[in-house]
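Before I ask anything, let me first share the structure, which is written out below as structure tokens.
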Amino acid sequence: MTEFLWVIIALPLAGAVFLHFFSRFMREPLAGWLASMAIGGSFAVAVVAALPFLSGGEHGETLLLWEWIPALGANIEILWDPLSALMTLIVTGVGTLIHIFAIGYMHGDERFGRFFTYLNLFAASMLTLVLAGNYAMLFIGWELVGLCSYLLIGFWFTRHAPAAAAKKAFVVNRIGDFGLMVGLMLVFTTFGTLSYSGIFDRAPELLTAGTATAIGLLFLLGAAGKSAQIPLYVWLPDAMEGPTPVSALIHAATMVTAGVYLITRSAAIYDLSVTAQVTVATIGAATAIWAASIAMAQRDIKKVLAYSTVSQLGYMFLAVGTTAYVAGVFHLMTHAFFKALLFLGAGSVIHAMGGEQDMHKMGGLRKSMPVTAWTMAIGTIAIAGIPPFAGFWSKDEILASAFARGGWFSLLWIVGLITALLTAFYMTRQWVLVFWGEPRWSEGTHPHESPRVMTFPLVALAVLSVIGGLLNTPVRRTLEHYLEPVFEMVTLQHPPEGLPMFVLLAGLSVLAALAGMGAAFITYRQPAENWRGFEQGFEPLWGTWEEAYRVDDIYGKLIVAPGKKAAETAAFAIDLPVIDGAVNGVARLVRSAGDWVRPLQTGFVRNYGALFLAGTVVVVVWLVMGS
Amino acid sequence: MLTALVLVPVVGALVVALTPRRRTELHLPLGVAVSVLPLALAIYLFTVFEPVAAYQFTEQYVWYEPWGITWTLGVDGISLPMVLLTTILVPISLAASTAITTRTKEFVVYTLLLEAGMIGVFLALDLFLFFVFFEAILIPMYFIIGIWGSERRVYAAMKFFIYTAFGSALMLAGIIALAITHAQEFGQISFQLADLMQLDLGVGAERWLFAAFALAFAIKVPVFPLHTWLPDAHTEAPTAGSILLAGVMLKLGTYGLLRFNLSLFPEVSVDAVWIMGTLAVIGIVYGAAVAIVQPDLKRLVAYSSVSHLGFIVLGTFALTSGGLQGAVIQNVNHGLTTGALFLLVGMIYDRRHTKQISEFGGLQKVMPLYAGFFLFMIFASIGLPGLNGFVGEFLVLIGSYTSVPALAVVAATGVILAAVYFLWAYERVFTGLPEKEENLALSDLSAREISLLAPMAALVLVLGLYPNILLDKIAPSTEAVLDHIEASTGYVVPEPGRLGDVFVAGGD
Amino acid sequence: MVDPGWYMALAGTLFFIGAVGLLLRRNALVMFMCIELMLNAVNLTLITAGRALNDLNGQVAVFFVLVVAAAEVVVGLAIIVAIFRVRASASVDELSELRG
Amino acid sequence: MVEGLLFVVVALVALAGAVTVVAARNPIHSALGLLGTLLAMAVLYVMQLAHLVAAVQVIVYAGAVLTLFLFVIMLIGVDKEERREEPLPYQRWVVGGVSLVIIVFAAGLTFFGDFEWIPAASTLDPAATNGTVQAVAVPLFTDWVLAFEATALLLTIAAAGAIALAHYRRRTA
Amino acid sequence: MVTPEINWLAILPELFLALGAAAVLLVDVQWKPRTLVLGAVAAASVAAAVVASGAQWLEASGATDASGLVAFSGLVVMDGFAIFGRFALLAVTTFGLLSGWRYFESLGRRGAEALALVLLATAGFSIMVASNNLVMMFLGLEAGSIALYVLAGMSRERARSDEAAIKYFLLGSFASAIFIYGVALLYAGTGQFGLLEMRDFLSDFVVLSPAVILIGLGLVVVGLGFKVSAAPFHTWAPDVYQGAPAGVVGYLASVAKVAGFVALARILLTGLDALGADWRPIVAGIAALSMMLGSILALVQDDVRRMLAYSGVAHAGFIMTGVVGGTTEGILFYLAIYSLQLVGAFAVVTAVSGADTSASDLASYRGLARRSPLLAASFAVLLLGMAGLPVTSGFIAKFGVFAQAWSQGFEWLVIVAVIASVIAFAFYLRIIVSMYMDAGDEGTVDVPIPVRWVLVFAVGTTILWGVLPGSLLSLAADAFPL
């Protein structure tokens, strides 16, 4: 069976290639359906191929496709193990739904076909990333998803904002990639290869703690770029300039989780360096609360979700940093469900509001678009962490694990708890602002429920967001059992044992969630002026949040501007005048030397004679003296 | 076989030269047709080439016996890719030169002679012969820049010629010194690379000779700070000139460093690792930084070449398998991508007669195909995995990290900067809505132009996904170079991986 | 009996005077006389050396120098006259159009 | 002794003549100075037994050459006097400097260096170098015969050249 | 009673040339025919001379011992060196006459004298290259030089031509005086005029106070350095090249160089070989100065002829480098190919700026590539050949002299030389720039048929000997002096 795994990547890739050349000859929906079928197909294959793992204990295997760069032990090979299988399922599953949704969403766009080309290409790249059997191939996927995100963010290139955002996304990601690259150099120098099999088995014997830390931190830099962690998260909010399905697929469900995947995959390395673990966890927690606080005050419906995504990713980093890898992956999955749901919902709203994204101009939409409203409600509850919805289980396991690890991590646990509160608050705030209260629409907008093709994915995802969490409950740890073979060589952090402990911790987080939701609901169901007052009450804090701590300006002043200055200095103050000047200077010197000597040729024969005689004397004297 | 490879273009040039001057419409097609023959030969050569270290298809004819100069040609894994690259780029650049309407005959003749010279440089195994080709190609290129270039063409051509000639002049002295040393040590004079590699020169002499050779090649590459002729030459040259300059001529430098400096002066090469490496890295970062703020698209690409060639030099002097393999294949990659970029810039220049970035904007709207190709090549050049650029850079970086970690890390920042300058340029040129009305009227790529770009794009993709077609031919030869260095010095190539056994050296 | 060295020295002096004169005078004719002076010095040298070496060839050589001198005189004066015809002056300083 | 005295006198005459050539403002005087030197030379030749050469010297030089000079001087004009001051910048300085170097060098060579004009000189054998017509004629027409013929070439050239130069002046002047 | 030893073969070429000259003059006086007829006569004599030299070559290559090649009791020799040099002279003469043919025609009646003078000059220089005796050499030198003085002064453009003539004449006579004084001093020092005898003397005896010999050596070198226009004795060259009629400059320039260098090399490498340690540094110094000064000064010229003159100075330096190197193959090869290129270059000059003029401003070459592509192309090839770029004979020649100088231990000289040659590129390229890259006035240049022949031959050899130098190089290698 496994020798057909390449199909998983090949299908969407083929879709992309095919659409790239022929989509322009198709009428609108066809391209979309083809794309959806392509990725759906690989989902089907993945399901079949994953079956053997369900029984558990299966290690999976590597399928070599062809040699790529032998000198680096880097080949095009597919590693099919529980982890990659799970990731594949998430990517293809959620991906399919989003593809379908996009058919409706992108309706009427002149580059409809091109859009799906990119979507498929992205799917293929993401699958390359997760299925890679070595770091080099992972890096291929890693960069290609970056490319696709570049293309898709800048999909509406005729407006400057998306173009700029796309560039920003890619460049910031590149900074992360720099870390990853150097990490890979270090890995190669240490192990002499880049293939997982060559590395993980021998990590304990070959890695010193120092090297492990170095690699860990460098990988963290890479992951932080891809997964929008401090300090590199700034590109993600801007990325919302892209079409909403893109935000859902790439910037919520799949690509941004690549960082988490990388660290999880490299568990064997992190296992050897506590420093790296702590750093990862701390970065995660910090990002979680930081982003959450910003999300509190956003007005743009998608910005809220964007920062929420950053925050949730922070949770996942906290998890993997705590070495609660299962919890991390678990949250990755559930988050994929409900965040995709929320984004698609937001998309559906924007679609209905004719492109309006400011939540202050919405309200009361639940009547006109019930399906969206209630599915999004489910999403909100899920992310807020109310049992038995998906978010609760995963997030709670993370917090519990952090608590169980104790020490510094218990501090992080508290941070996580506060974040949970904030999350609940801003998500509820969003839902209420959009669907509750009286309409504040700008005139001329006639919101309407979206077509089936868009609502169906919402429903599907909603279902997943409800039941998805049951995959790994304190009672039945199916997921953990399923992933065991992947992590059997590393120490896993588990939540504390025993039901009472669980009840206590869960209770706390649920309490926080409820508090947040309650507060938000009570505040924002009132008429606008009231909650506006409420927000003003928090000034200047609220304003700071709304402006996202002005991080972009700071970066601009601290990094971009000086960099540009430096470049200009190099180009116009050094290269031309100094270096090139020296070159031309030499040339001019020779010429002017000619001009200096030229007067010797006075034209007076007697001068010539004098010179002649002088020369003669020199020669003679030199000869006689020389001998 | 190899001699034919060198002579076919010459004969072709003569044929073209005999066609009537008035029949301008004949010359270009004829030239393309002629230049396809070497390509065919090269491809055949590629197919029959055995992936082993030794020189193959070697031919030797005595040229003038008393001076020990011979016509010795041979091809190995290092020169083979370069020959292929040359033979591929020449037909393309000829076919791309429809914008050249005056004195087309001369143009074709010069280009073909240029091709012969370049192939000769890569095949020559006799230093005298090598120098003859190395110097001879200056002339046609000088004419190409000087006659068909843009405004400051004469200045650029002069600068190009004198600057590079200066470098090679000292190398000539070095070559003479080597040959005469050989005469003193072994009794008869010889310019054979193989013979000269047997010499043991004193460290002092070796230093000077290394310097002489390195200077010549460093100017050609160009290595910072000897690079300033390049932006001028590239910017002023006609499209074909730029393609061949960037695609092939710069490689003469990197090739020379690899083929001659490493083989002839192993001792000093080992000592020079840090100097050359540092210069290379400075070049990488500096070139990129300067490229960011260039207002002229062609100049930007030119400086990007400075940056990219830094990687090649770094890889060469990393003295590791990865580094050398990376250097060699990066030669090809850079030739393809940068060549294609110059081709693209040339296409837009033919339409708008300007290269100023500020003149454009929103082109993606009016010429999507063009934009597509441009973006593709940009990403290839940025080093996007799956495209060729990545393979070379990655090999170089990882290879050099094992021997000169610090340099490798700094060099890696070049990868970021590349994204910055190219994507920023792309943003300014292609995105947004086209404001200038002269941009609105632009026509998208014609079938001919596509037929030129498509093969390059295909190669870029193939080399990115399956570089092995070259690597397994390159690896043995690079390993041989390393073995020679190890054999003749105390230097030990750092083996990555504390368990050498897992390390899979390419090829052997 | 006078030491040959004296003759040689005298010759050398004459040669020197001739050379300097050539550079100091601007009348083509006089310059030309200076050259004759130099050639005479050469002759004296040849004869003296020949005598000191007991070798007649020195004297023979003098004949040829004489002939050369004569030939030079003929052509030289012809040139001078020709020029004089045109610009009514024998000063070489006026002939300095070609320079640089 | 007598010979020594004679040498001194003649040498002084020769030098005086030479200086006159260089110093005289009027070409005529220069020519006369040259005449003096030429005759003094002839005497010196005789003193060294180069009888034939001395004779030729008087005939060819004092006779032919100098007459030619005078002829041309007349042609160009006697009154062409040269002003003393040097029109060319630096000329005198350069020449003076160079002459100084020469003198110093010569002096140094003579008084400090072990300088010999004729290092291979052997004891004089007057018979060997007695330049009678016959004695000179033998080598001139045996060993040196080709050189002697070559002078013919030289004279032809001189004649042809002179004609060529004069020739065209006539037709274009 | 001794009798002179006569060896007609040894002087046959000179004899033919001289007779040819006489014939030209007489025919002219007698029948006043068209210049073409005179040309035919001249051509015949040159051809005869070539044949005679060929005969000498056979004789020389067949000779078992050297003594057979020494003629006229040592005044002249028939060694390969002389014969090679004479062949070069004859070639230069032929092409000089061809490229200047228009000029000779334009002289009308005086064409005869000009032709005769050319032949006589060649005869004189040909004696010079063959002579093994310093006095003989002096005679040849003077014969040639005097003829050249006249030729330089035979232009219609009186002002400049006169100036060229008087400068050339005065400085030339000065140089000759210095040369012959040097000869006299050498005689005083060694008691010999004959070079072979001088060599034997110097190798047999140790001269305790060699000062006088050294002074003589220095003066001789200076005298010949003037003829070959080596710095600082080059000052006449630019003015004469520019002032003399274009039709003869090519001949005048190259013939003097060939003869001068052959003579110089012969003196230094045979007669004074023993003093190599003394003269090599001096010659090297002169060479370095010439190369640098020549290249730098040529860089700032705006007149093609002056440019060529200064480049000639630089080339004198390069050939001197060969003399330092001390093997004849470098010197002779370089001389041969350079003199041909020089004649060819001046053939172009005559074609572009008229045969009897001194107007050769660089501006008048603008856009020549459009007006007359072939002319421009051949000029370009010749210039690149002089510049010494590969695939031209110039490169082989330069390489040869460099290699020999290096093997003699004059590394510094070679370094200077290569740098100088790079500077030299610049001004050769300047001419090419104005021919190919500057837009110039339209119209066409008509290239006289004989000039075309010259160009074909010059360009052909430049490329041929650049690609396959073996043929000429081996000849040159065998043509060592006795």
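Odds and ends about this structure:
Letters are used for the chains, namely A, B, C, D and E, taken in the order the chains are written, and counting of residues starts over at 1 for each.
Keep in mind that, in the parts below, contacts are C-beta pairs under 8 Å (C-beta built on N, C-alpha and C of every residue); 3 or more make two chains touch, one makes a residue touch a chain.
As the structure is a prediction and not an experimental result, all values here were calculated from the model.
Hopping across touching chains, the smallest step count from chain C to chain E is 1. Contact with both chain A and chain B is made by E.
When each chain is reduced to the average of its Cα atoms, D sits farthest from chain B.
When chain centres are taken as C-alpha averages, the shortest distance to the whole-protein C-alpha average belongs to B.
One simple way to say how far apart two chains are is to compare their mean CA positions; for chain A and chain E this gives 79 Å.
Separation between the centroids of chain B and chain C, computed from CA atoms only, is 65 Å. Averaged C-alpha coordinates put the centre of chain B at 44 Å from the centre of chain E.
For the pair chain B and chain D, the distance between mean C-alpha positions equals 70 Å. Taken residue by residue, chain B touches two or more other chains at 162, whereas all remaining positions touch fewer. Residues of chain A found to touch two or more other chains are 598, 601-607, 609-611, 613-614, 620, 624. Looking at chain E, one finds that residues 135, 139, 142, 146, 149-150, 153, 158, 166-167, 170, 174, 178, 188, 191, 210-211, 238-239, 426 touch two or more other chains. Applying the touch definition to all chain combinations yields A-B, A-C, A-D, A-E, B-E, C-D, C-E, D-E.
Chain C makes touch with chain A in their complex at residues 19, 22-24, 26, 92-93, 95-100. Those residues of chain C that touch chain E in the complex are listed here as 8, 15, 18-19, 22, 28, 31-32, 35, 38-39, 41-42, 45-46, 48-50, 52-53, 55, 57-58, 61, 64-65, 67-68, 71-72, 75-76, 78-80, 82-83, 86, 92, 95-100.
Against chain D, in their complex, chain C makes its touches with residues 1-2, 4-10, 12-14, 16-18, 20-21, 23-27, 29-30, 32-34, 36-37, 40, 43-44, 47-60, 62-64, 66-75, 77-82, 84-86, 89-91, 93.
Of all residues in chain E, those touching chain A in their complex are 166-167, 170-171, 174-175, 178, 210-211, 214-215, 217-219, 221-222, 226, 231-233, 235-236, 238-239, 278-279, 281-282, 285-286, 293, 296-297, 299-300, 423, 426. On the side of chain A, the complex with chain E involves touching residues 590-591, 593-595, 597-598, 600-601, 603, 605, 607-609, 611-612, 614-616, 619-620, 622-624, 626-627.
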